[in-house]
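In what follows, chain A forms one complex with chain B and a second complex with chain C.
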Partner chain A sequence: MLSLLPETTLAAAALFFFFKNLELFKLESKKAVLLFGLAAASASVIGLFFHGEFFNGAYRVDNFSRFFTLLISFAYMIACIIFTRLKECDQSRVDEFFFFTSMAALGLVMAVGSVELMSMFIALEVSSYPMYIITTFRKGLGRQFEASVKYIIFGAVSTALMLYGISYIYGLSGSTFLVDIASTLPPKLGNPMAALGVLLFMGGLGYKLAAFPFHFWAPDVYSGAASEVTTFIAALPKITATALLIRIAHLFTGIEIVPLTISVLAVLSMTAGNLMALGQTGLKRLLAYSAVSHAGFILVGLIALGNGGAQAAMFYASVYALMSLAAFMVAVEASGRDPVDIPIERLKGLWRKSPVMAVMLTIALASLAGLPPTAGFAGKLFLLISAWKAGFEWVVIAGVINTFIGIYYYLKVIKTCLVSDGRENGFAPAPFYLKAASVVMAATMILLGIFPNTLLDMAGSAFRALVM
Partner chain B sequence: MVHLSWYLTVSAILFCIGVFGFLTRRNIIMMLLSIELMLNSVNLNLAAISHYMEDLRGQVLVFFIIAVAAAEAAIGLGIVVTLFRHRKSIHTDQIVSLKG
Partner chain C sequence: MVQFLFFYFAIAVIGLGITIVNSRNPVHGVLLMLVLFFHMAGLYLLLNAEFLAAVQVIVYAGAILVLYLFVLFLVTLREEVRISPFIEKGYWMGFVIAIAMFITFIKGIQNFTLGEHGAYTIEKIGQLTHTKAMGEAIYTTYILPFEVAGLILLVAVVGGIALAKRERKGA
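So, the complex of A and B:
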């Protein structure tokens, strides 16, 4: 029973807020969400020590799924800490908001543990629908409905692509269980249906990751939705998408066209994201395009799965989730007065008003840019080394060039928040626990950059559980 | 008995019509309908493969897809209705306030 503890905790959180919505409990919502965030994180730590198989083998709890459950639960906890500062979200729907986020986190955790295509699909949908809905939870008549429509339409198309891929994989292997697929598929890998199936399936996941041809929703949803919602959408689904991409890609390493296609998409994703980010004046839109370029970096890991790419991608996904949560924590603090996006100028004078937040944002952006000694640098280094080992030299060169392009626009934001003077931008002083959380996050980003081995070894043992 | 490849061809054609419709239509309702077409081509694929292999899992997956597509359409149309109330339009050419 303890092996399903993280899932149970998230389900309990969702149920609690569902009944809270019916006014059955008196507890204050914002305290409750903090409590459930901490509970989910501790449950995921306990869950690391228990393994098992459930639902007739469709759901497996092993090192691999628990590694990602840990990441999702910690990201959920940080998101919950940020959710106590709801600024742009509709206050009358706070309980609904917490219900949907808990439900989405539950779906993401379930998707990571699924080892059967049908349950994987259902879990992904369970996580998607709440996110479509919370996109509209913004005060006032902003652009949230437009953002949500774009999100749902691209989401539905990517679901259809993914299902079409599933139908081909099912047709070739005669089973939806990944174990059976792994044993029956190898002789049929030459079949174009296999390549088409797996590429379509990965396309559906690429949408979650906001990778190149499926990234069109990202900038609009990031800027149109409330900052708190964007915090959630920017960090958590990416972890699950990475997990599922590794799960699927490692089954189909025998098809030559798959790594080739992924490498092209990875380079296009990095370049397109970075080039589009250069001219942005809105903070959330800039972070959206930076997410597209980081999706490209995570994809680099998939082309070199056997050469340490899987560990590197897992490391990078965890670091990326942390960096984007850190950046959005400041974005939430800065938000609340703009019709759509937060102009970068709003960060002027952040250093005077809130030095802790300014330092954390600086470290987060330096990490996103990939400057040493931050965790982002270590992650990029591991990814590019693995790609080099796998013989994708041109991807490495493209990655390095893109890192340099990225530094420009991240430094622009850092300069605004540290150097530029601004008097009228009154940041409300952040409460104590938020400052403490930001200090911890900033320290983690530096420590993971200097001592990346602990997390990398965990990722390595998680990947070995998958291969066996 | 009709050979499996016939079903797969029809389903591929349906899927392509869906993709084409999604890319060319500018009305959100029509785009959702095109997505529905794509999902139904998947259903046809799965049902045919399932029948051909005498394995019921494909048909079970079809039931799930039908249910999930209905839920997706409900959420999608709900949001489209709200969007229409605010903008008086559901044409993507006129809903372009988020760009850049």
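So, the complex of A and C:
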């Protein structure tokens, strides 16, 4: 029974906050969410050692799903630490907020474990609906409703594309179980329907990842939603999207047009994200466009699955989740006084007020920019090496050029927070545990850059579990 | 005869869909949607899916559309909400993308292979009756998505209340 422990923990968290809404418990919500975050993270570590198959083969717990469960649970834990500082979220809906985040995390974990298309789809929906709702949880009348509506409409369209893709895959193979699809599909890979089906399916996931043609929601949702909500939306769904993209792309490696299409989308995504980020003055919008360009980098791993691209994409997804959580931790600290977005100037004088936060933000942004010796550099290096091995030289060149473009706007933010002087930016001193968490996160980003092999080996063994 | 019926239902569904999207009056839209759902039920009947057809009529036409009408009457929008275009000057882009997708799908459909796939063939469904076959599939093979769908309902219930809740003054 221990093999479903991570799911059970997250479900327990969701149920707890559901009953907390009815005022059945006296425990303070912010303490409880910290507790559940730690519980989920430790449960996912225990879960690494148990494997199994459930629900008629629709749900499989193996190295692959547990690797991503570990990532999601740890991201959930960090998000929970940030949630104790709720600044922009409506205080009268705190319990609902925690209920929805726990539920969304549960949906994301279940989507990773599902090896059947319908379960995968439904689990993804379980993760999407709470996120649509929490987008509106912001104090005052800002742009949160507009953001939420855009999020829902884009979500609905990409979900429709995904379902249509599933119907094609089902029509070809006669089954929604990935095991059966893998055994019946190979002779039919030449059929254009297979390519169309898998590309449509990936479209739905590209929306979660905010990759190029599906990224239009990202800047508005990032800046319109409360910073805490953006923290969640920016990190956790990307992990699941990467997992499912690898799962699906690996089944359809025989189709030539799929890696070709993905490579074009990857390059467009990197370029569009970076060019749009250049002129941004708002911190959250800047991070949104940087998310689009990073989605492009994660897609690079998919075109070279067999050449170490899968491991590289998994490594990069975990590093990216960590980096964006670190950046948003500072964003949440800086937020609370602006109607929509946080102007980058708000970070002025951060170095004076809170040196720990400033150093962590600097490391996180350097890592996002891909400067050595951070984890972001290692991740980009592995991705580009794998793409080179797979023969996509032009993607490598585009990736390198984009990295250089990116350095410019990340350095601009670093300069604002380290050098510029500002007296009245109203940073409240961060509590001790938040400083401790930021030191640990900063250290992890550096350590993963110098010794990437532990995580890379874990990703490798996870991918082997998928291939077998 | 079956083919004639199929084309009638299919064309009606597409035509009604376009009319609904273009209708200015939301009440007209909802009522046309009712007609659309009946035609969808007709399509399901042609596929030997009598249970789905009945559910379509009872749940969608009976329950969901009534809710829609309630919402429309409760939330009286005095003036139309106007928002500046999301993607500027992109009107023709939408057409290009739509036409490209249309052509892709039309080309794709030519590659469909006719015939039966999967565990449930037409004879088997005829033997078991559609309702029984569907019940068996839902409660055995597809038990996980069926159960997890319950979570979506829970989220929707809590979400509905959370969205309706007003922000407390000074809280």
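As a convention for this text, the second predicted complex is superposed on the first by the 468 of 468 C-alpha atoms of A that agree within 3 Å, B and C clash if a C-alpha of one lies under 4 Å from a C-alpha of the other, contacts with A are read in each partner's own complex, and residues count from 1 in each chain.
As a working rule, contacts are C-beta pairs under 8 Å (C-beta built on N, C-alpha and C of every residue); 3 or more make two chains touch, one makes a residue touch a chain.
Since this is a predicted model, take the numbers as computed values, not measurements.
Contacts of A:160 after superposition: chain B is touched, whereas chain C is not reached. With both structures placed on the common chain, the touch criterion links A:27 to neither chain B nor chain C.
Look at A:136: by the touch rule set out above, it reaches both chain B and chain C. In the superposition on chain A, A:285 contacts chain B only, with no contact to chain C. Of the two partner chains placed by the overlay, chain B and chain C both lie in contact with A:118. When the two structures are aligned on the shared chain, A:152 is found in touch with chain B, with no touch to chain C. Look at A:223: by the touch rule set out above, it reaches chain B but stays clear of chain C.
Of the two partner chains placed around the shared chain by superposition, chain C is the only one that A:92 touches, whereas chain B remains out of contact. When the two complexes are overlaid on their common chain A, residue A:175 makes contact with chain B and with chain C alike.
Of the residues of chain A, those at positions 118, 121-122, 125, 129, 132-133, 136, 146, 150, 168, 170-171, 174-175 touch chain B in one of the two structures and chain C in the other. Residues of chain B touching chain A in their complex: 8, 15, 18, 22, 28, 31-32, 35, 38-39, 41-42, 45-46, 49, 53, 55, 57-58, 60-61, 64-65, 68, 71-72, 75-76, 79-80, 82-83, 86-87, 95, 97-100. Of all the residues in chain A, the ones that touch chain C in their complex are 18, 21, 54-56, 58-59, 90-93, 96, 99-100, 103, 106-107, 110, 114, 116, 118-119, 121-123, 125-126, 129-130, 132-133, 136-137, 139, 146, 150, 168, 170-175, 191-193, 196, 216.
Contacts from chain A toward chain B in the complex involve residues 117-118, 121-122, 125, 129, 132-133, 136, 141, 143, 145-150, 152-153, 156-157, 159-161, 163-164, 166-168, 170-171, 174-176, 219-220, 223-224, 279-280, 282, 285, 340.
Against chain A, the residues of chain C that register as touching in their complex are 83, 86-87, 104-105, 107-108, 111-113, 116-119, 140-145, 148-149, 151-152, 154-156, 158-159, 162-163, 165, 167-168, 171.
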